[in-house]
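In structure tokens below, several structures.
You will see two complexes here that share chain A, one where it goes with chain B and one where it goes with chain C.
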Partner chain A sequence: MSKSKKWYSLDLGFNRKKESSGSCGCGKTSGGCQSHEKEMSDEAYLEAAVTASIGEEVKKDGFEQVFDVKMDRRTAFKKLTASLLIGAGAVSTSCSVVSGDDTKEKAQIDWEEQFKGNYKLMTDNEKSATVERLMRSYELRTGKNISMTSENAKEDVLFGYAFNISKCQGYMDCVNACIEENNQDRNSEMQYIRIHEMKDGKGLKFDESDDNYYHEVPAEGHFYMGTQCFHCDNPPCVEVCPVQATWREDDGLVVIDYDWCVGCRYCMAACPYDGRRFNWSKPEVPEKEINKNQHYLGNRMRKKGVMEKCTFCVQRSRKGQNPACVEACPTGARIFGNLLDPNSTIRWVLENKKVFRLKEDLGTEPKFWYFMD
Partner chain B sequence: MNRKQYVYILVYTCLFALFACKQENGEYHNLNDKIESESKNYHGTSLSSETYIGDVKTIKITEGVHTFLIPERKSQIQSFECIECHTKPIDELKSNDAKKKAHWDISLAHADGEVMNCITCHNGEDMNNLNTLTGVNVDFNSSYKLCSQCHSSQFEDWKGGAHGKRIGGWAPPRASFTCVNCHNPHDPSFKSRWPSRYNTKESEESDGGVEH
Partner chain C sequence: MRRLQVLKSLVFDSLDTITKGSRRYNLWMGFLTFVMLVGMYCYSIQLEHGLSVTGMSDRVSWGLYISNFTFLVGVAAAAVMLVMPTYVLHDIDFKQAVLIGEGLAVAALIMCLAFVVADMGGPSVLWHMIPGIGVFNFPNSMLTWDVIVLNGYLFLNISIPFYILFRHYQGKESKSKVYVPGAILSVFWAVAIHLVTAFLYQGLQARPFWNNALLGPRFLASAFAAGPALIILVLAIIRRFTEFKIEDKTIKKIAMVVTVAAQINLIMLVSELFKEFYAPTHHSESAYYLFFGLHGKNALLPWIWTAIPLNVLATVMLTFHKLRNNLNVLYFCCFILFIAIWIEKGFGLIVPGFIPGPYGKIEEYMPTGVEIGVTLGIWALGAFVFTILAKTAIGIELGHLRYKKK
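Take a look at the complex of A and B:
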């Protein structure tokens, strides 16, 4: 096992591209890397913080994180079986004289994907490696190409959102755009955004609001309020995740590693805003409707039994674009921007309008504000 | 209590105070503190939304402290320039009943007839321009100046970015739709219509676990 990899590699003859052995993010193997010094101090700090809070578990990655932990017999057998099946598949294809190159490459990719680590702990090289594997795997399986990125959070960016409840007319164009952009399951009709139709003069009563309206909008004497993941700065969903498959990125986005999620739905229970969705069945999107511009943490295809939710369209927002819902809204009720830019429109809204957030007393610090004209 | 105990209490209080207020290393009491402190040395981002504005021709405007882009208007008006047809004074054009009425599709549903008519905004003497209430010419590209005469609070919100719609992306430069890109000036209110899809299947989704 080489030092740069955190899991055993299985060489079926497809490791054409050898990864550089240094684990440094800059890719240089000897000398001259200025980022080392800073990294060390950050690491030291992280280590101290982590040991104090969670203990050793979090530092383990890849192979170690799966096997080098205390677990009961049943879990151990389950994990072993899954891994053995993949191993057996790999061995059978590699020994087989009939199976083609594609099958072998597929097995190789499956092996690497099975033993890759948590995305949160990956170096940039590892991130782009897994993204490349996933793109290749998609190509091998469907014959079509997708473009997937692993873009990191940009410096000096903290995303925030504002929603004008006197402007929203309940047209639902945002929901349509969201489903198309984020490759949501068409069968279960999963939707990240909910639009609540509320009666004027009754306050914000979510239990009395109509979430399944279908009539001409706006209805007389009603107003409309959209909810989705609020990307809390102190997210309770992140706290409860037993496998750290969800976390808050530096630009404030709360994201999920779909390949690390075990589907326990603790986060769904912990979210006070109904922001999270679960894949009860295998998500299906007709091939021609798939949005091929994807991000590892965003709209790439999910599998059965994992959580997903709004990511403020990470695949768009990290490139400077607005999320799909903002772009689709015909009324301009949705405002998105960088909270750290003092000249941004979102900052003007926060400083000049009477804004509020939902359940502020919980201390979750949502980065999603509501306001009125 | 002897002196030793006092010293202990003092030391523990200091230690407590030290750990209770962990302000450094990116920990803040609340989100507002975080935004305030981290935006103090904001250097701008490398991102730009210029490419997302696409083919929309824009012009730069400055209103108060706000400078941003709005779509250019004149090239979007089908029959501009107006004086190509408006060669004679309106009274003469009006009186000729034999001719097919131009602008047949326009009926004014903006305030009521006592408050507004065509010449509240259009300059009857100079059809290529609009005019303010006091008769000052305004270019079609700056039509927002007419709207702001009455809709002053909306104008304030629009300048700041709370009213209206951004085009392109969130990253600078800011480009926003101007009034007439969303509101038909002759009939400015948003119309009621059917939602573009059925709303959430919330109840079914949360009961999903029961069936499976």
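Take a look at the complex of A and C:
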């Protein structure tokens, strides 16, 4: 990463390495899937029916989608030891004689998923293999299809965000859109975005602001300011991760591989902007509310004990769309775009408005600017 | 081949000693086992429901586990205070104490690792952290440094006493040529584990309470007070309940170490308080929260106002030779000093780092029953490991355990 303080005039994208998509030995999902053609086996059908009636399955989080094990206390222990012994558990399932094709395929997927590498270091083939596996796995468990991509960063793109303090009225439509778009845990009411309600005439007093209000907005004598992950160009959260489960992509997005994160929460302590959220318990999203357009690094289902955060809706932004919050904002306070495109709105804002960022003194170089009309 | 035989016989002999003992010993071990089982049960609840069963939240994302981890790194590092005089300076007085000290270091390190694992959200994917198999973010992440130094230190502290005991077990003298380089290395290493652990926090610009240059040195000072204090207490117990002879002189020398470290620690505390309260800035809010509470939130006040008086009292009492040389007073001082530093270095250091949060929000932290259960379980594990190690070592040193050629 070239360290230039003038992040958008001096580009970070030109000395990017072209990744050769070497062949890989991981794409063997089709190995055990003779049942691909059969649309839905009896077993899966039954499972789906049960699901529909008791709604048990829908409560499964990503972790269980992968492992599909009911953890009672005893098996939890067994499971732990098994995993530590490099997946002895998975071996036993995949060698099981009595299981049918579907179960075998599930076991095969579980096995490969448990021991896949870090997404950051995967070749393109490996990336699509794991995405395939996750989609197939979801289909096997629930009988429903999701679409997941592993789209890489585009050339000459660096995403940035601007927030108009004068316009925001505190409606929180962005917050709700974000929850729905990103399949956030409904039980713990996880929210990536926080809207701080501040008193007029007091300046930016974050500590006296209220980020958890339940009254009619806009409230008299107040103004509003939103915060979320700022996708720092020099992100301290990335430095501290012991396993490189979080990193800065070439288009400036700071992302997390949920399957690689070990849940140490060091990154959370390192983030000066309260940008990160942890899955303290199993995240749950009702099946019918799940957003099925997913990206591996974005809104796919998470599991318990991993970190997550705003990704600037990687599943949307890499397709050229605006993030859900930008789309949902009724006042137009949120502006998103490519910093390297001189004709983009965000560049216009940066060049024509008096912009500022939070905690500039920390040298994190957030790609999130505030401005006023 | 012969070595293997000796090793086998050593393992059997030590199994023999650790399973037999007085009634009091059996009660003690039974009690520890019970606490460990309770801890394991609590941990199984945590595994099932996730870390939501703890008091931690997005705002205070580290709690009791990491507090104890931090403190115990200090205890482990303190073994060096005994190693140095014995092996390097050839101070014979410490010879008996040093094996105990190293046993303590091993137990403390095992507890450290257990606390880190207990704190992880995904213990089943911890292999991601193993260099070679996983991805090890070295040298960027201080946590990877910590993994290296802790495991290295564990290795050193297992191998040195093992070598010595192994020789003694066969009735041979241990060769100083073999273990002195290791001992010298472990002296530097002990400083490293503690400094690196301090850097873990010190390096975070997001948390002004930690991001100060004094944190590392203060870690060392308090570690060299609390660790040897614990060693004194342990030696006192061993002296009382076993035939293992530990001279008054040894204990008094260690007391000297404790005293000096406690004094330095106090000076640093004053310096820190001066900086935070003479010209308070926005960054002093955590300290305000810790010592006086902020906006009516004051969960930590009882803790810190227990710790500070205990700390001052112990340091002052230790400073007077008369008082320090009275063993009962000394034990009392060591005990309160240990408690004071446990609070200060654990709770008083980790929790205020997160309060107020990055945008000034104050959400308090209180450990839950499950969390406390797991914590107690891990402490019991440490005590269990230490008892086993100490019993074997004492057996060998007293000559009860000897290799017999059959």
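Remarks
The working rule: the second predicted complex is superposed on the first by the 276 of 373 C-alpha atoms of A that agree within 3 Å, B and C clash if a C-alpha of one lies under 4 Å from a C-alpha of the other, contacts with A are read in each partner's own complex, and residues count from 1 in each chain.
As a working rule, a residue touches a chain if its C-beta (ideal position, glycine included) is under 8 Å from a C-beta of that chain, and two chains touch if they have at least 3 such contacts.
Please read all numbers here as calculations on a predicted model, not as lab measurements.
Legend: residue contacts after superposition of the two complexes on their common chain; A:104 is shown touching neither chain B nor chain C. In the superposition on chain A, contact is made by A:371 with chain B only, not with chain C. In the superposed model, A:136 lies in contact with neither chain B nor chain C.
In the superposition on chain A, contact is made by A:188 with both chain B and chain C. In the superposition on chain A, A:175 contacts chain B only, with no contact to chain C. When the shared chain is aligned, chain B comes close enough to touch A:331, but chain C does not.
In the overlay built on the shared chain, the residue A:154 is in contact with chain B alone; chain C does not reach it.
In the superposition on chain A, A:241 contacts chain C only, with no contact to chain B. Using the contact criterion defined above for the overlaid structures, shared-chain residue A:218 touches chain B, although it does not reach chain C. Overlap of the chain B and chain C interfaces on chain A comprises residues 188, 194, 211, 274, 277-278, 280.
Contact residues on chain C toward chain A in their complex (touch as defined above): 40-41, 44-45, 47-52, 56-58, 61-62, 116, 119-129, 134-137, 140-144, 147, 200-201, 203-207, 285, 353-354, 356-361.
For chain B in complex with chain A, the touching residues are 25, 30-31, 34-35, 38-39, 42-49, 52, 153-154, 157, 160-166, 168-172, 174, 177, 182, 190, 192-203, 205, 208-209, 212. For chain A in complex with chain B, the touching residues are 45, 154-158, 162, 164, 167, 169-173, 175-176, 188-191, 194-195, 211-218, 233, 274, 277-278, 280, 316-317, 319-322, 326, 329-332, 335-349, 352-353, 365, 367, 371, 373. Interface residues of chain A, counted against chain C in their complex, comprise 71-73, 76-77, 79-80, 83-84, 86, 117-118, 120-121, 188, 194, 196, 206-209, 211, 227, 236, 239-245, 259-266, 268-274, 276-282, 303-307, 362-364.
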